[in-house]
Structure formats: structure tokens, C-alpha cells
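Written out below as C-alpha cells is the structure these notes cover.
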Amino acid sequence: APKARAGEKLTVAAAANLSVALKELGAAFEKASHVTPVLSFGDTVGLTRQIEEGAPYDVFLSADTVHVKDLDSGGFIFPDTATVYARGQIVVVWNKRYLSGPVGIDGLSGPGVKRIAIANPAHAPYGIAAMEALKSVGIWDKIKDKLVYGENIRQTLQFVQSGDAQAGIVALSIADVPEVGYTNIDQALYRPINQAACVIKTAKDEKAAREFIGFIKGPVGRKILVKYGFGVD
Amino acid sequence: MSLRFSLKKSFPGFDSNVELSAENEMTVLFGPSGAGKSLILKMISGIVRPDSGVICVDGQTVFDSSGGVDIPMRNRKIGFLFQDYALFPHMTVRENIAYGVTSNHKGEKNGRVKELMEIMRLSGLEGSYPHEISGGQKQRTALARTLASEPRLLLLDEPFSALDFQVREKLRADLANIHELFPVTAILVTHDLEEAFMLGQRIAVINGGRFEQVGSREDVFYRPATRNVARFAGTRNIFDGRVAGIRGEEVEIDCPELGVIKTHVPERLGLAGGRPVTFCIRPEEILVIRPDKGLGRVSDNIVEGDILSTTGRGSTHVLHLRAGQAGALLRIELPNFVMRKLGLEAGKRIKVSLKKENIWVIP
Amino acid sequence: MSLRFSLKKSFPGFDSNVELSAENEMTVLFGPSGAGKSLILKMISGIVRPDSGVICVDGQTVFDSSGGVDIPMRNRKIGFLFQDYALFPHMTVRENIAYGVTSNHKGEKNGRVKELMEIMRLSGLEGSYPHEISGGQKQRTALARTLASEPRLLLLDEPFSALDFQVREKLRADLANIHELFPVTAILVTHDLEEAFMLGQRIAVINGGRFEQVGSREDVFYRPATRNVARFAGTRNIFDGRVAGIRGEEVEIDCPELGVIKTHVPERLGLAGGRPVTFCIRPEEILVIRPDKGLGRVSDNIVEGDILSTTGRGSTHVLHLRAGQAGALLRIELPNFVMRKLGLEAGKRIKVSLKKENIWVIP
Amino acid sequence: MDLFPLYLTIKVSFTAAAFTIAAGLVLARLMAKRDFFAKNIIDTLIMQPLVIPPTVLGYYLLTALGASSPLGRFLERLGIRIVFTWKGAVVASIVSSFPLFAKPALAAFEGVSADLENAARLLGKTEFEVFRTVTLPLAWRGLAAGAVMAFARATGEFGATLMVAGNIPGLTQTMPLAIYDAVQTGNAFAANVMVGVITVFSFAVLYAAGRFSRVRF
Amino acid sequence: MDLFPLYLTIKVSFTAAAFTIAAGLVLARLMAKRDFFAKNIIDTLIMQPLVIPPTVLGYYLLTALGASSPLGRFLERLGIRIVFTWKGAVVASIVSSFPLFAKPALAAFEGVSADLENAARLLGKTEFEVFRTVTLPLAWRGLAAGAVMAFARATGEFGATLMVAGNIPGLTQTMPLAIYDAVQTGNAFAANVMVGVITVFSFAVLYAAGRFSRVRF
């Protein structure tokens, strides 16, 4: 009986790039199950370390797949729950004030673009994808010196929003802001940014946790993810 | 060089209202603790802002509340010796003194510092910090620093209080010759009677924030203007009476404690019969009559009494005498040889004379 | 109650090595600035750790370098009046004094504070902070705070230096009666000759970190053990000579400056002919011979000289005399009335007598 | 607006500041009046939390106090859970703010005149009484400055808190973390409002502290 | 190990500390000797950078100095570029470390005896000379404490720097940013090494500063 579960809580640790989409997802899940998801955002690496140290999370929504694999090999999660729930997409963004769009990925090497913001390709999945795309179109070496790294995708966008980077590459999920315009990047230019989810072994309510992942992967969840710019299978 | 000021300042529980002019001389501010001596120096120097008033140094108005003049301290060219020294704790003795020297020429500066250190007997302490030197050494350092700046006006707040008797005497002598050494107007604060007497050509006696008398040291010591001045100046024997008879300048005072006392009073005082008066006589001016000699020529105001106590004070002795009809307490100061010669001691009964010319009637 | 100490302490350029016992009495430490007076008090109280030595207070060993004893300051029950007061700047006058009171009973505490404030004439300043009061008021507050703690040993570092003459005299009298008021052993530091004489039943004269003489005030003043003590104690006339002849206790000294001088010397000194000696006479013990009277019975050591200067010092005058065959400088202190009677002034030629019994030969 | 983060921030910042001040006082006092070889070294070491980026500091703290560390397991057995609770936020704040109090406190204590302390000792006061009635009030200016900085730092602590306490709404989410969330969500307005709130709060506390700690002498 | 971040950190931290100290001295001095209505308010306001999470502070700085702000455009026209240059890291460090110096400096100046300053004035010294020769040395303990904290904070500044200077390897990547990157990459060893390096560096500087700033009187 769903009513009996009212007030029950489910702690969801999620990568910060999900913060907008997950708000709506969470609300929808609560409506459906009467379990309240508590959303705890952080960076993937940090959340992973916390789970290793026994953080009281029930579900982990990572921004990549590597860290879920790591957790799995450490025995911190139920292996059968590890699953890709979304695929990130990257777009070229440009500041409308400085560039009259649309600017495609080739346009990044144009003369009006003095600074290009991407997420740090050393560790941020969207940064890695951006680098791959830039290499694929063959302008990486040309624009390498114009790059400025954001620590996460939100910060990367802020660089473009402020106009200090005239253009950049960010996630589609956050690109819809007034100051910038965006154009899609062919998904063939970069390896898929798969984002994996899993249930933590120490979950207080394993059943609800599994339900939550199921919900995300279900029709409602997929619809919401797509709405916020994620790709789903 | 000259100084002229007229100042008012109030604190809760204390207010000060003073006025003075001084020429090229040393004026001593003399008065009890808390009278407002340091306050006057602080106002002149600019450390404390007067509520109202005027200060002129050397003809220049450095402060005028009505004219809005308030020259910054650094331009007043005033040397100030603080009562608590105000030495810079982060500088050595040498550095403290050098700080005051205005000359920028290195050799000159060093020479001046060396000279001052020698005058103040500070040689050997060049590298010591203030917390490493004695109280007297601190005071001498502060004095050297003040003199180093060659001020046109010198304000000295108890400059010798921490000094031993030898240095003190030496420095006093130096200061007394101040016009040769440092040709400036100076104001010196002291609570030391002897010091006031030795150094002050002019003495201003202050009490409760007001000058009670400003005059030559002889005036202050022998012709006090008020009862307070008499007390501060060590004129311990102060009595009240009533004018009983006047014959020209000679006045008879009926004193309930001592009986009838005769004295001279300048006519201008214009005493009338029956008027209450106060008179005094200094302890060292009271004459002990030698029992073996009889009265001799001495005949003025003979008082008989019992010696209550004798106290040695170094070169003199102080006797307390219970005398007169009402048992008045007389204080008498005598040279030691007189004590010995007359064999005076507690319990003895003696006669003393308060000579007419030694009695002063407070106007 | 008693105090006994034997202490050594070295600083670069200064070292101290002192030893003393004192019973229920007031001992005065007397000596020039920088002699090590404050240092002794600091070692006794525990503020400065001696390099080596022993301190016993009241039979209790509070410090013993060889025995490893070093009782913490708070248990020494010593009252210390700091030369620079060390008042707590964040406490009012009242709070400073109350801080010293040991009693925890509120009424008792308040009573004691009130009493002390009255004795020290501090009433009205209860709520003032140290920076708002005068130098003398600070010293009185510090004194009150020290007395408030009812110590078994009282160390007073120049307790009256900032006080005016009236308060000083009053407090001196109180302190002189200290056994009744505060029955403790006390050590008082002073550089004031008169104060040393008035307060010290026993005086320890210190110079350069060492005691030069410890004895009764009469010993120190009239029978100085060393030339330095003679100088500090104000015996200004100090001369060197050679024993010219001995007749029992009577000795003739050949002094190049004054000529042949006769005096009494106790036999135990065992002077031999030809031995160099030093002798002295206090300024107030020199007798001026009245020109009108002739020598009379006075016949000892007559010296003639010219008055160089006369200086008023309040109740006495000081004369400087250029005298004797070699122009020795003699200092003479005379009561004012003698000055007046003899009409002494600079330039006059007078005869003085250095009476045998007033001359002291420094052993 | 959800008031929990504000409530938690108040709780955490005051608790952390209290600990920091207490521990800082003890350490500074122990170090102030002595001159020992290691003093300069300790003095320098306590500055280190300022040099290391807070997030990294958080990693270290998490490693030291988490489930996989002996210390963490020991505390666990005592029933004390630090990580992922508000206590974790307190620990993070203490570590970050400690130098801001200890350093000026040490300087302030060193500046107190030994003569005045000795005067108190000679009046029979114990070391603790001397400390409370003389040293503390005389060092007041520096201590107050340090306390104010430590409190402000504790209020604003973010990086280490995120690691040690996590960012769990309703449990460990302090204002700085909530502001971070708002920024991440692109909700600049909410972020600005919360910055406004935390500014007003800290301003009120610091202003009051400033007035209260005024030195009159 | 790439040495550029260390080099940049040294450059940034010293430059920032120098600015912070210079500006802090001026402000603290102006405020210390007067009592005006706004004093308490200013005193409290300068604490605010401590309260706001550094990233958010960085966000504000970016907004204020970036291409979209009037100030940013004005500076641009003067040929001064702050954002995404090492100067941005300096600005971020200055803002973050300013309170750590200004607050203790103010307290220290307030503690200097007015009598000693007056003594210097009466010896004919100008206000500047009084400041240099009396006020400064007497406030030394507090100033040194503040300077050391400001320097340490500037060395460790991470959040705001990231926003204002960006993380451009070889250009604006300071040690803290490099450390963070290493942690994020899962390269704990590299992170630890770099933390070691920055610790040793700051330790050396702070230790030297501690020895040098010893007060002898």
C-alpha cells in the first residue's frame, strides 16, 4: 500500500549535472510511490569517495560509468543494479553578445572566439567528450591554447554566460539560458557519455532504491530525462 | 622665548581653569597629586584638547578655540618629558635618544647622542631595551630624548622623581643653568618642596585645577597667598585668630590656641579690629629659647610647651610641641647641633619664640 | 616574621651578589639609580629567578637553587609595589584594589576596599580607569592594592616617589607605624635621603649590585663604612690624608687640601703613622664661627675660606666654601636664621670649625 | 525558502566557533609564555589548513574519520558518528577556522605584559585566575578579532563540509551547500537570496560581537 | 611533476599578500584612530568574504570584473585583463585573504598606546613617520599574525580562483587547482605529492616569516 510508505525517505546521491532534471524526476517519483527522494548533489569523484566511507546514500546517480564500476569492484553496491540510465549530450554554446550565431563546432576556431570554455578533460566526462569532438573535427591543436577549463559543466557555462569565454562546449541539459545560443554536436564525434546508476549496499530501503532506478528508466523517467537534454536508449 | 596660556578643561569630577604667562625662565608647577599639573602640560603640548582657551608659544598662537587654531603637535616644537617616560619599547636606549635628534647629518647626530648619553650617565646602556633598565635609567633616557629635539619650550613632568639624590642634584644644577645649556622657556612639574624651591624662579601653586598663587619662590614660601599654599609650601603652623588691636603696622591677634600674638602687617591689608585672620610661621623659623640664657633680647610671642616627639630627618630634626593655652600643635625644625646642644627630647618642656618678623598673615 | 636571603644574578654588564637578614622591621634599600635595588625585590618575589641562592621568608624556604626549591609566586604571600605601579588597565581603581583583597566575603571585601581607598585619599575615583588618573593617584592605588592582600612580607619599590609632600608625609607616618597597621617585615626601596633616614631603622646601602653597608641609620649617616656610602648618604665633604701623629684615640691627619686635621679615632682601627686615610664631615655639622664672637671655646680644626655660592633649599641654605691651603671645596648647610644673622653671602670670607667629634674616619 | 540550512548553519557555526576558541585558547596559552624549540614549528603547522584547498582538506578528513579508518571505526564503536552528520560539518569548520583564531590569539597572548601577570600572581591568584582575570582581558582585542574571523569562516565553510558531512538536504546541508546547489541548478536568484540571508545573519552576529567586544580601557 | 603551478602559486600568493597587506594597512590605519558611526559597520563588512563560499564569491567577482560588466569593459579598454589571467588569481586571493589581514591589523593598531604616538609627534615627526617608526613596530605582533594568515590563505585559494582565473594549465593553474585536478582524476599519489610540496613551500615561508618577525622587546 503506497500510503503506508508516506514519509519514507530515499537518499539519492547525484552528479551535479543532474540537478535540474532530478528535481522534476524526484517529484514525479514521490507522486508515484509516496517515498520522498532526498537529493544530495556533488561531484562524482567526491560522492564515490563518500560512498566508500559509508555515506548514508541509497541510490547513486553518477555522471559516468567508471566510478560505478569502481564501487562495484570495491563491493559497495548491488552489482545487478548498476545500469546506464542516461546518455549525456554536448552542444556548442556561444555568447550572443559577442558572436552572432549560430556557431557550429567548426566555428570555434573562428577569429571572434578568443576563449573557449570546456569542462576539465582531465576528469569531467563532458570535458572528455568535448575534447574528443574537437579532435574529431581536427581543430583541437588549433584552439588548444584558447581553452579554459571549468571544474564542472555549470561553471563552464558560466564562463560563456559572462562572455569571458565567447563560446564553449557544455551539456545540452543546462544549455538553455538566455545569454547563450547553442547548436548540437554530432554524437558520432565523441564517445557516448554514459551515466550509470546503482543501489548502495547499505541502502536502508533497498526495495525503494531499486524502484527509483526502475522509475528513472521507466517511461516517465525517460520522458523527463529527454526533456532536459539527455539521451536515453 | 615666551609662553602664554589660558585654558579650560572639564572631566567628570574634575575641572581645570588656568592662566599663565612665562618668559625666558623656569616656572615650577607645584601642587598636590591630582591637582591638574600633568593635565596643563598635556594641553599645552596638544595631547589633550582643551575645552576652550588660547596657547601662545614664542608669540605664535598654537591653539585658539575661538579662532579655530590648533597647530599639530609636531609643529609646536615642544619638548615633553612624560611622567611615565613613554619610552619606545622597541628601541634601545640609544635609538630612543637618537629618535629625538632633529639633525639628519649622521656624524652630528651620533655626536649629539653620545653627548646626551654622557650627560645623563647612560653610557654602557646603548644597546639595552627599556624593559632591561632601571626606573631611574628610564627617566634619564626620556630626559635625554626630550632634550635631543632642541625644543623652544620644555615641559617636564616630574623629571627627577625616579632619580637618586646625586644625579638629581647634578641634573638640577644643569637645569638651573638651563639658559646656557638649552635656552628655552621651561615648565617643570614637581611635588618636591625642595626641588620647587631650588629650581623655580617662579612658582605656580595649583590646587583642584586652579592656580592659588603664582609668584616668586620667596613669595610662595614666605608670603603664601592662601591657606592651601601655606600648607603645600610646608608652612605647617597655621592658626586662626581675630584682630585684637592695631597700632600702625603692628597688629595683635587674639588666637584661641596660642594666646595673643603680635606681628607686623603691611598697612595695605587694611585690617580692622575684630576681623578674623589666619597667620602662619614656618617650622624652621621658630626659635627655641635656651633655658640657660633666659630670654635675652628675644621677647616676641613667647610660647611654652611640651615636646611630644622628635624625628630625625637627616640634617635636621623635627619637634612636635604641645603648646599654648589650648594645646596647639607646633611643628619646629631644628639643626641637629641645636638639638644636641640643648639636649632636647620628648617630654621636656621648652619655651619658643614666634618672632614678629617671621609670622605671616595670610591676606 | 623574618626574611633572609643570599642571592646571585648576572646580566651582561651588571651582576648582583647580595645577602641580608631582616626581622620584624622596615629595612630600607638605599642606593643610586641602577644599583640593583629593584632587582633584589624582583628576585625575592619570584619575578626574576636568581642564578643561585636562597630565600627564606618567615622560616620557610621559598627559593633554594641547590635544593631545587622554587615556590610559585602566588604562594609566597609577598606584597609587591612595582616601581611603575603595574596597575591593571582594564580594571577601575576600585576593581584594582578589590583584586588584592583575599577575603571572599562580599561585605568584608567592600569594607576593606572602602577603608583602603580612604586611607589613600582615593575616594571619588572608584570608577576611574588607570589611564584617567594622575601619577600620584596611580601610585596610591597600587599601594592600596598591595596592602589589600595582607602579605607577610612587603616589598615597596619607591612607594612615595610620585606622591606630593603631604600625602607622602602621611603615608610615611602610617608606614612608620607599620607594625600596628600591617604587622609585616618590609623592604622599602628609595633614593630619597630624607625618606631613608625617616623610615629605615635599618638601612642597606647598595651600589653596583653589592651591599656596601648594612646597619642602623645612625651608622650609615654618621659612620659610613665606605667612601661611596658617605657620598650617597650626603656626607659631601670627603677628604684624603695621611696619618701624621697618634696620641691614644686622638689622631692628627695631614690633609693636602685642608692642612692638619685633628680627630678622634677608636683604637680598634689600629691606625699607624703614615697610613693614608679618608675622613669626612657632614655639611650640617660644620660650624660657622661668628666673626663678632671670636673663637670662644671653639678651637678644633679652624679653616678659613671664601663663600663661592649660597643656595636656598627651603628650610636651609647650602654654602660652598673655597677653603684651606689647596682650595678644597667645602659644602656647608646652615639654617636660614643663621644665614640671616651672620649676613652670609657669596664673596664673604669666613672661618669654620670642623669639630673633632663630627669628623668620621672611614675605616 | 527552506529554513533548515540556516538553522543548521547557525548550529554548526556556533558549535565550531566555540570549539575552535576553546581549543585555540588552550593551545595559544600553552605556547605563549614559553620559548621552546618546537614552538615556531607548531606555530607554522597550525597555519596549514589555510594552505590546503578545503575540498582536499575534506578528502583527508574523510579518510581520517571515515568508515575505513581506524579512528573512524573506533569512534563508531563508541557510538560516535562524525562523517555524514552535522558533527562532520562541525569538524570541517573547526579544522578550517582553527588557524584564524589560534594565530592571533597567540600573538595577543604574547603581547600581554608579564609584569601585570606577575602582579596578579603575587596577589595570590592561581594560574587559571591570572589567565581569566588578567591575560584574557588584556589580550581581548586580538582574541576578539580572531574569534570573529573564526566564526565567519565557520559560517562560510563549504569545501571540506561537502566532503565530510555531505550535502544531504535536511540533514547536513548548510547554507553554503544550499547556495552551491542553487548555483549548480542555475538558480542565480535563489543563490543571491541565500547569500543575502547568510550575509545578514553573519553581519548581525559579527556586528553584535564587535559592539560587545569593544575595549573601553 | 609540472613545476608551473608551483611557480604560479608563488607569484600569485606573494603578489596577493603584498596587495592585501598594503591595502589592509591603509584601511586599518584609517579606521584605528577614529571612532565614527560607520566604523563598526565597515569593520563587519570586511569580514564578509569569509562567510560567502569561495566559489560563489568567485562567481560574483566574475560577474563584476568579467566581460559583461561595465568595470570589466572599462578595464579592457585600458588594456587590463583580469579574468582568465594570473591577475584574476591575484584578485581572487586578495578578496579572500583581505579580512584575515585587515581585522587583526585593526585590532593591533587600536592596541597601540596613544601616548607613545604622541611622544613621537612631539618630537617633530610627521604622521607618516609616526606610523612607520612607532605604530607599525608596536602593532607588529598582530600585523605579523595577520600577514601570515593572509599569505597562507592566498597560497591555498581555490574556489574563487577557479571562477575568476579559470583553470588554464600553464597559464592560470595554481597548485590548489592542480591538486584538485589530481584528486578528481583519482591520482591520489600526485595529489599527496603536491600537497606535500605546497605544505613545504608555505611552511618554509611561514617559518621564515615567524622567525623574522620575532618581537624582541
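Order of writing sets the chain letters: A, B, C, D and E. Residues in each chain are counted from 1.
To be clear about the criterion, a residue touches a chain if its C-beta (ideal position, glycine included) is under 8 Å from a C-beta of that chain, and two chains touch if they have at least 3 such contacts.
Note that the structure is a prediction, hence the values are computed from the model and not measured.
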Between chain C and chain D, the fewest steps along chains that touch one another: 1
Steps in the shortest chain-to-chain touch route ending at chain E and beginning at chain D: 1
Chain separated most widely from chain C, comparing mean CA positions: A
Rounded Å distance between chain B and chain E, as computed from the means of their C-alpha atoms: 57
Centroid spacing, where centroids are CA-atom means, of chain A and chain E in whole angstrom: 35
Inter-centroid spacing, chain B versus chain A (mean Cα positions, whole Å): 90
Separation of chain A from chain C, taking each centre as the mean of its C-alpha atoms, in whole Å: 90
Shared-contact residues (touching 2 or more other chains) in chain E: 55, 59, 180, 183, 215
Residues of chain B whose C-beta touches two or more other chains: 84
Set of chain A residues in contact with two or more other chains: none
In contact (per the touch rule at the top): chain pairs: A-D, A-E, B-C, B-E, C-D, D-E
Residues of chain C defined as touching chain B within the complex: 11, 13, 31-35, 37-38, 83-84, 124-125, 132-137, 140, 157-158, 161-168, 191-194, 197-198, 217, 221, 231-232, 234, 282-285, 287, 311-316, 333-338
Partner chain D, residues of chain A touching it in the complex: 11, 13, 16, 19-20, 23, 38-42, 46, 49-50, 52-56, 152, 154, 157, 174, 177
Contact footprint of chain E on chain B as seen in their complex: 45-47, 72-80, 82, 84, 86, 88-90, 99-100, 102, 129-131, 145, 149
For the chain E and chain A complex, residues of the former touching the latter: 55, 59, 62-63, 66-68, 72, 83-84, 162-163, 166-169, 172, 180-181, 183-186
Chain C contact footprint on chain D (complex, rising order): 113, 115-116, 118-127, 133-134, 137-138, 140, 215-217
